[in-house]
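Both complexes below contain subunit A, partnered by subunit B and then by subunit C.
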Partner chain A sequence: MIPEDFDLERELRQALRPVEPSRDFSARFAPRRAVRFWRRPRGVLAIAASLIVALLIPIGASRYRERQRRGEQARDQLLTALRITGSKLQKTRQQVVRQLNRRDSI
Partner chain B sequence: MKSYFVVAMLLAAPVVYGQPLQIKLLDELKAKASEVVDLNFNKDMLKLGASFLGSGKQDDPKIKKLVAGLDSFLIKSFEFDKEGAYSKSDLEDLIHQMGRPGWNLIISTDEKKSRETTRIWIKASTPQEVGGMRLLSAEPKELTIIESIGRINLDDLKDLASMGGVRDVTIDHSGKKEE
Partner chain C sequence: VSGSTAGFADLVRRHQRMVFSLAYHFLEDWPLAEDITQEVFLQLYREQDAVARDRFDSDCHVRYWLRKVTSHRCIDAARKRKLRPRLNLEDIGEPAAREEFRDPMLGETLRKLVAALPETPRMVVLLRYQEEMEPAEIAETIGMPLATVKSHLHRSLTLLRGKMQRKKELVR
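Here is the complex of A and B:
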């Protein structure tokens, strides 16, 4: 039943009038929006970061092992080279000493 | 025409003077050898190898000091099953190539009884240091060529000779037994 004194235009004006929001309006909505905005990406970021770390750790470990292997090989080769050089120099020294002794005895 | 020749010689001189040891005959002898040590280190490899030496072993600090001044190190040592893998003229050719200008022969020994020939050349640098060393050691069934380029202190060389037995290491390369 529509009241007799019902004025549609007045009712509409009343319903659609501009109203100032309450003081805590933004306080109630802003944090929720922030949480909603970050919650999902943070989870995604964490998973992505874990995946990257999970990929990088084996790559890093493999590179470290490779460098270690190359270094140990270089060290062993270097020691071999120096050992041969040392023995040849020692032998040469003995030959020179022998020759000098021979000369002295003459 | 003469002036062109002189200019060409002057341009080529530094290249020839500082040329690393590249002797084709060595590749042929390598193929005949039963045991081969063929190692060639550039500065980076020397640095890497030295960085993996520990500090506990008695000779390691000396080796690190010796290696620190080197720019390159090459060693080719071949052992043959039987004599005659290289001829006298091969040996003379090697001696000739290793004693190129810039390298001064300081030791020359020829032992008739054991038929051993040794030559050592150095590249002069300062009175206390040499800029490089070349060594040729020939025995009836063994031939060794060594070339080190870079600063070597004479005391370090003496140390190296006394280190004749730097830790024994066995390396296996290209399927050939090496020491």
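Here is the complex of A and C:
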């Protein structure tokens, strides 16, 4: 089995000739590469961050509008209260002035 | 390294034979060799921007990068999965018949003998005789001194020659 003119280096080159992988290797490689991309931690983090931002922006905007509406409502109520208080004080002052005038005339 | 998918697919087609052969001859395990080949190309795909920055834009540089990464991945895989005990130099059987022309069993015997070498000398022998690399290129690729590469080569060839000689004498 071993030839007389056996040359180890030549036989090694012959034995270690490059071989092709399975015929469908390239075809199997492409989809796996695509799947792997989405499995990458950075890819997943980027997608998760985008989703969170997309959800938070409308929620935040809605809460901001609600707060603004409540603030305006509170301001209106305060102004009304101040107006009522102002008119009552005015009436009380007028009554006090009237009574003082009567006392002076007596 | 082309950034486009088509360019990358073309690159895979051009180099897959070399990467797979290194892994297969090193590990003697077809599915594992295909897995390693895929992992090497995935790493290239992920790092193609960095690879391009390092002037890996020519085929020569891509080949150098692929050989380097494949060598390290194969050695790691062999160490992790403890492949060395799978094949022992003493366990390799004798080819049965004497033939006048090139015996296919001779190649098989040699591949098994190479696969039974320890990891580092095995990769050195593969890069030398499969890839036809010079010892200096091998030293640069797997990151070891030139003298160590030469020593691994010399010792491996002596060992393989001795094994083959013993088989030759047994046949007579």
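Going forward, the second predicted complex is superposed on the first by the 61 of 106 C-alpha atoms of A that agree within 3 Å, B and C clash if a C-alpha of one lies under 4 Å from a C-alpha of the other, contacts with A are read in each partner's own complex, and residues count from 1 in each chain.
Everything below uses one rule, namely that a residue touches a chain if its C-beta (ideal position, glycine included) is under 8 Å from a C-beta of that chain, and two chains touch if they have at least 3 such contacts.
Just so you know, these numbers come straight off a predicted model, no measurement behind them.
Once the two complexes are overlaid on the shared chain, A:Ser22 sits against subunit C while remaining clear of subunit B.
Touch criterion met: A:Gln14 reaches subunit C, while subunit B stays clear of it. Using the contact criterion defined above for the overlaid structures, shared-chain residue A:Ser87 touches subunit B, although it does not reach subunit C. In the overlay built on the shared chain, the residue A:Gly60 is in contact with neither subunit B nor subunit C. Contact with subunit B, but none with subunit C, is seen for A:Arg75 once the two complexes are overlaid on the shared chain. Contacts of A:Gly43 after superposition: neither subunit B nor subunit C is touched. Touch criterion met: A:Val96 reaches subunit B, while subunit C stays clear of it.
Subunit C contributes residues 9, 12-13, 16-18, 20-21, 24-25, 30, 33-34, 37-38, 41-42, 45-46, 94-95, 97-99, 102-103, 105-108, 110-111, 114, 125-126, 129-130, 132, 157, 160-161, 164, 167-168, 171 to its touches with subunit A in the complex.
By the touch rule above, subunit B contacts subunit A in their complex via residues 37, 39, 41, 45-46, 48-53, 63, 66-67, 73, 75, 77, 107, 109, 111, 116, 118, 120, 135, 137, 144, 146, 148, 157, 160-169, 171, 178-179. Listed in rising order, the residues of subunit A touching subunit C in the complex are 1-2, 6, 8-9, 11-22, 25-26, 29-30, 32-33, 36, 40. In the complex of the two chains, the subunit A residues touching subunit B come out as 70-93, 95-96, 98-99.
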